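Dropping the structure in here first, questions after.
Letters are used for the chains, namely A, B, C and D, taken in the order the chains are written, and counting of residues starts over at 1 for each.
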Amino acid sequence: MSALAAIIWRDVRLAFRAGGGALQAVAFFALVVVLFSLAVGPDIALMRKIAGPVLWTAALLATLISLDQIWRADREDGSLDIIVETSDALPLTAAAKAAAHWFSTGLPLIIATPILGVILNLPASAYVPVLMSLAIGTPGLSLIGAFASALAVSLPRANLLISIIVAPLYAPILIFGAGASIAGAAGAAQYAPNLMLLGAATLFAALFSPIASAAALRSNLD
Amino acid sequence: MASISELANPQRFEGLAQAVSPYAVGVAFITLVAGLYYALFNSPADYQQGESVRIMYVHVPAAWMAMFCYSSMAIASAVGFIWKHPLADVAAKETAPIGAGFTFLALFTGAFWGKPMWGAWWVWDARLTSVLILLFLYLGYMALWQAIPDKIRAARLAAILAIVGFVNVPIIKFSVDWWNSLHQPASILRADGPTIDGSMLTPLFLMIAAYMALFTAMLLQSMRNELVARRVARLDMAADAATSTLVETPSAASQS
Amino acid sequence: MNKKQKRMGMIVTVLAIAGLAVALTLTALSQSVAYFYTPSELQALAAPPASTIRLGGLVEDGSVNYSEANSASVSFTVTDGGASTIVSYEGILPDLFREGQGVVVQGSLDADGLLVADTVLAKHDENYMPKELADALKEQGRWQDGSD
Amino acid sequence: MVEPPFSLSARDLRASRGGRDIFEGVSFVLAPGEAILLRGANGAGKTTLLRAVAGLLRPAGGAVEFCRDTEEPTENAAIYCGVQNGLKAALSVRENLDFWVSLYGAEKKAANDAINRFELRGFIDRRAGALSTGQARRAGLARLVIAQCPVWLVDEPVAAMDRDGVARFIQLVVDHLGCGGSAIIASHDALDIPGARTMTMSAKAAAP
């Protein structure tokens, strides 16, 4: 197995083992959705309207709580040194870590979305745009999150700091992702431009995040 | 004429700052008083907005400064990151709170203009949203500096964040052209010349000059404070720990 | 693969991603993300959207009618030159609201295609000038309408 | 088993943290087959020096060079084993070893070599989190065998090890040196490695 594949495979295994964060993220996702529908109450018309944005916000929050661990776990047990030492190109390694985070957080969220959509009375026409927007947008969340997590890797209890740093960087993805699901829920075929902008945001994240993460890690290892 | 690297020497900077500061404060005071006088009393009401146009003289320069400060911060960060220059790091760090202040002022005055003019304090359109994001970028940058005790590491990490966040600046600038925005497009920096009447440009430019001078004065002062604080911290550190070096110890090896 | 080829591969990948991102952005922007519809776009739709929409355009000259029974109730026509939509609204209009001015109206369409608005926002243009000058320009016939 | 002999040289190395110099003026040459025992009080900068040589930390000044024979400097040929073992607590020892095999691009049988050299067979399928400190250290040092790097940089290798484990580690180092490898070992324990030089990190004399 190549080094990058080994890193992804190891992180995914760890996430799904006892003590891993994958199920916690999905549980948190479901929790936010359920709490939201409890708060909104029986107004189904209102619920249908906000289901897409609620799913997006919940997915973003669930991603947020899992960011802290991306690099810190590796730093605490010393494996970050090994990963950095053996890396041919640190940006590629950072991209692999972000990919692993997506497989263990973003992908489970997407799989859970159809079920939670039922709870939220998500209109049938919105399932495709919501799922597509999550599929396009959550890799961006993982990439940007890996960068913010790399910035804070040397700090204890950095979850709040990571949230503050990541919030403005997540804003475009949330806007276009939720925008696509709103347009989809309204039955308009106009979610395509939102999905394109979402794709562009994720691609930009794919460009800067590995390089910036690598620079942040280097600065944090000193 | 002193070169950039000479000015970048902290002692020289101290001398320069001492010389420039009083002028910056003076210019800031004079232009602010004159600008506000023109803005509030000696300029015409707009043909559509009426007296509310006066908010613009506070709002537009603040919005410009918000972007100017962020750009300066990103450039200083890049200089500090690449050439490892502590003075650039300090400049970037101390620019952030000032920029955040201008951003907040722009958002605040914008809301006060938006309520009577548009009919809403706040709308989630591209320009307003991207400026709000700018404010959060400033806050995240400041939070990162604050969270990391080692100033050299903090400078490097904050610099990376500032450079990444710079993406937002062109988005702010062009948001009104790219999206159907409620916010009006550029009035001054445009290819076919300003669309603001001359009588209104006087207070506008006076206010811009005032903000620039204010920025200079505040930046110089806070940079001097930071440099003094760092010098004290360095003296503390030098007192409590020694630098070591590596020496050969011949005996141990020969025993075996 | 040697180092040089690897580097080339990296550069090509980066350029491809950047190019794709820019292409996506430009395509999306050329399709104008519908933060609001114009009356023509609304007319072109096969089925009128069921939920809340935003409509942008100019208030048609002479179309503003205040209800006699209730002074806070008003109806006006929003046009983009091609098509127009009638809007009814109850509430306080912003200062900048007037005939010929750009507005963004938020509400839902009723069965007759009338837009029942819950929010009316006035869009300001980039022109600033004193009232006297605007009047003088109008008198001299050099007035260019603020609308694009 | 080891690649062609490497020599390692450090010239006037300086490292600083938070604006303070931790050490400066550190120079040494480590020839193939040579070992340096690195000593020094806590906080003298032993770990920092090892990390700087390993390339994990950017030195503030000076340079580290790896040379194969007399050729041009080559890329970093060192492996660093820090105080932490780099084991994932939720994975079994074997899974950890397999991960390293992939990372270092080693052959599959390298893991078996490591298992034999460090007597890991008894707890090979146990979760790394359930190992005793000494067992975990042995599993962590197994990386040295897997990576097959010519230069070893090891920080406190035997701190929690029983006497048998220490002897095994020393034998491993001796074999490594015999194949033309080299090592820098920072340790407070007396390690009886034949022919090893001892170098000490100590406070620099006050500047004249």
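In this text, a residue touches a chain if its C-beta (ideal position, glycine included) is under 8 Å from a C-beta of that chain, and two chains touch if they have at least 3 such contacts.
Note that the structure is a prediction, hence the values are computed from the model and not measured.
The chain pair with more C-beta contacts between its two chains, of B-C and A-B, is B-C. Taking the mean of the C-alpha atoms as each chain's centre, subunit A and subunit C sit 33 Å apart.
With centres set at the average Cα position, the gap from subunit C to subunit D is 66 Å. Under the contact definition stated at the top, the residues of subunit A that touch 2 or more other chains are 204, 222. Residue positions 17 of subunit D each touch two or more of the other chains. Touching two or more other chains at once are residues 153 of subunit B.
With chains as nodes and touching pairs as edges, the resulting graph is of another kind, matching none of line, ring, star or complete. The set of touching chain pairs reads A-B, A-C, A-D, B-C, B-D, using the touch definition from the header.
Within the complex, the subunit B residues that touch subunit D are 149-153, 230, 233-234, 237-238, 241-253, 256. Touching subunit D in their complex are the following residues of subunit A: 1-3, 5-7, 10, 13-14, 17-20, 76-79, 81-86, 218, 221-222.
The residues of subunit D lying in touch with subunit B in their complex are 16-28, 37, 39-40, 43-45, 49, 192-204. The part of subunit C that touches subunit B in the complex is made up of residues 29, 32-33, 35-36, 56, 92-98, 101, 104, 119-135. Residues 129, 133-134, 136-137, 139-140, 143-144, 147-148, 153, 156-157, 160-161, 163-165, 167-168 of subunit B touch subunit A in their complex.
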